[in-house]
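Here the chain labels run A, B, C, D and E in written order, and each chain numbers its own residues starting at 1.
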Amino acid sequence: MFIAKVIGTTISTIKDEKLTGRKLLILRQTDETGAPSGKPYVAVDTLDAGIGDLVLTAHGSSGRQTAITSNSPVDAVIMAVIDHLEVGGQVVYRHQ
Amino acid sequence: MFIAKVIGTTISTIKDEKLTGRKLLILRQTDETGAPSGKPYVAVDTLDAGIGDLVLTAHGSSGRQTAITSNSPVDAVIMAVIDHLEVGGQVVYRHQ
Amino acid sequence: MFIAKVIGTTISTIKDEKLTGRKLLILRQTDETGAPSGKPYVAVDTLDAGIGDLVLTAHGSSGRQTAITSNSPVDAVIMAVIDHLEVGGQVVYRHQ
Amino acid sequence: MFIAKVIGTTISTIKDEKLTGRKLLILRQTDETGAPSGKPYVAVDTLDAGIGDLVLTAHGSSGRQTAITSNSPVDAVIMAVIDHLEVGGQVVYRHQ
Amino acid sequence: MFIAKVIGTTISTIKDEKLTGRKLLILRQTDETGAPSGKPYVAVDTLDAGIGDLVLTAHGSSGRQTAITSNSPVDAVIMAVIDHLEVGGQVVYRHQ
């Protein structure tokens, strides 16, 4: 899984029928302190994550192993909202 | 999923029989404002996307989870045409 | 899928039994005009592609969705030979 | 598989129900001597690995081929803790 | 598939039970002449490859399509030992 920050949303009228009602968020991968870098990607939100949250995303066929995404043409899902990250015995990120 | 811009088309006479009649578009991944970068890739179009459109593409086995691509040797599919992208509370892209 | 150029061949005597008789070609990914860059990779040829041809390759489990590659330990297959590529309304590559 | 070093932990209250009770560790890929580089990623720990351990992680659908991760939305699993690494006839890493 | 050079071995006592007796080799991807570059990765050896050999590795679910790796949490397998590589009509690598 990647640690990623939710930075935005996408709206699509024309889409595969299995995506009806799905929330597609824009994310950027972060380092272990929550600092984002790299190109954005899009994942299905199954947990009501908010803009600015740090989350974990699962990719590929693993992105379809939720009740909401099974059998859908989606390759990334938010499967956890991060409360805190601990590295080297220190809390380096805490959800606010 | 990647945010990507449709930049062209590919034509092939010699191809796997399951690809007969499939539209194979050339795309480039973009950032969250729709600016393309990086190498092009090719995805099956299931939504009649046009040149210049911003779309979402699903990859790997997820690219085969549509009625048009199931059981085919394709690893990327356009599963949404983007209407608009919103980042930081601002609309940063709007389909025209 | 990637747009790729066929640049060579690999010969192996010791290999998984499911690969007997399979043609394994060396390719390099190209940009949308057919100019190669990046590291080479190897794909199973199901279409009698020739050295110098531009082709499309499908990867991962999608590489096993052909009659020749199903259930085999291969993760890339040539599933189309490109006739021409069109970008920005111009033909930027034509097979010769 | 990647060689990776365990550098931290993630805690999430809001998560997919299949993740309840799962230990999600933060790792960084290393070179063949155990020196880390690159962005962190997160994997399910099935082997009680500790902070600082070198491990092997399997990715994608292969990350779901353990009793603990099957059918879950996770795309990386720790499937071995490394005792030692040998390169060029020399032991270049030994677990302490 | 990647062209890769076998550079070492990994030893693990604590591992998923399906890995018992499996040989896990360290490899580095090479270019089309066999020159290695990039980060090392680990693959299951099913063909008794030796240190210094050039091999082909299949990744992801394709890495589980051998008798030895099926249903195991492994995402890369050596499925061919390369005898020679031919590029531009020249033999650029020959196994010794």
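Throughout what follows, a residue touches a chain if its C-beta (ideal position, glycine included) is under 8 Å from a C-beta of that chain, and two chains touch if they have at least 3 such contacts.
Remember, it's a predicted structure, so these values are computed and weren't measured experimentally.
Colleague: Can you name the chains that touch subunit D as well as subunit E?
Modeller: A chain counts here if it touches both subunit D and subunit E, and no chain qualifies.
Colleague: Same or different for subunit B and subunit C, where same means more than half of the interface numbers show up on both copies?
Modeller: different
Colleague: Could you report, rounded to a multiple of 5°, the rotation needed to superpose subunit A's C-alpha atoms on subunit E?
Modeller: 145
Colleague: If you average the CA atoms of subunit A and of subunit D, how many Å lie between those two points?
Modeller: Using C-alpha averages as centres, the distance is 20 Å.
Colleague: For subunit E, write out the residues touching at least two other chains, lowest number first.
Modeller: 60-61, 63-64
Colleague: A student should be able to answer this: under the defined touch rule, what is the ring order from subunit A, with subunit B coming next?
Modeller: Moving around the ring in the direction of subunit B from subunit A, the order is A, B, C, E, D.
Colleague: Going by the contact rule at the top, pick out the subunit B residues touching subunit C in the complex.
Modeller: For this pair, the touching residues of subunit B are 7-16, 18-19, 24, 26, 39-43, 51, 60-61, 63-64, 71-76.
Colleague: Quick one: in the complex, what on subunit D touches subunit E?
Modeller: Touching subunit E: residues 1-3, 29, 31-32, 37-38, 46-48, 56, 58-66, 69, 77, 79-89, 92 of subunit D.
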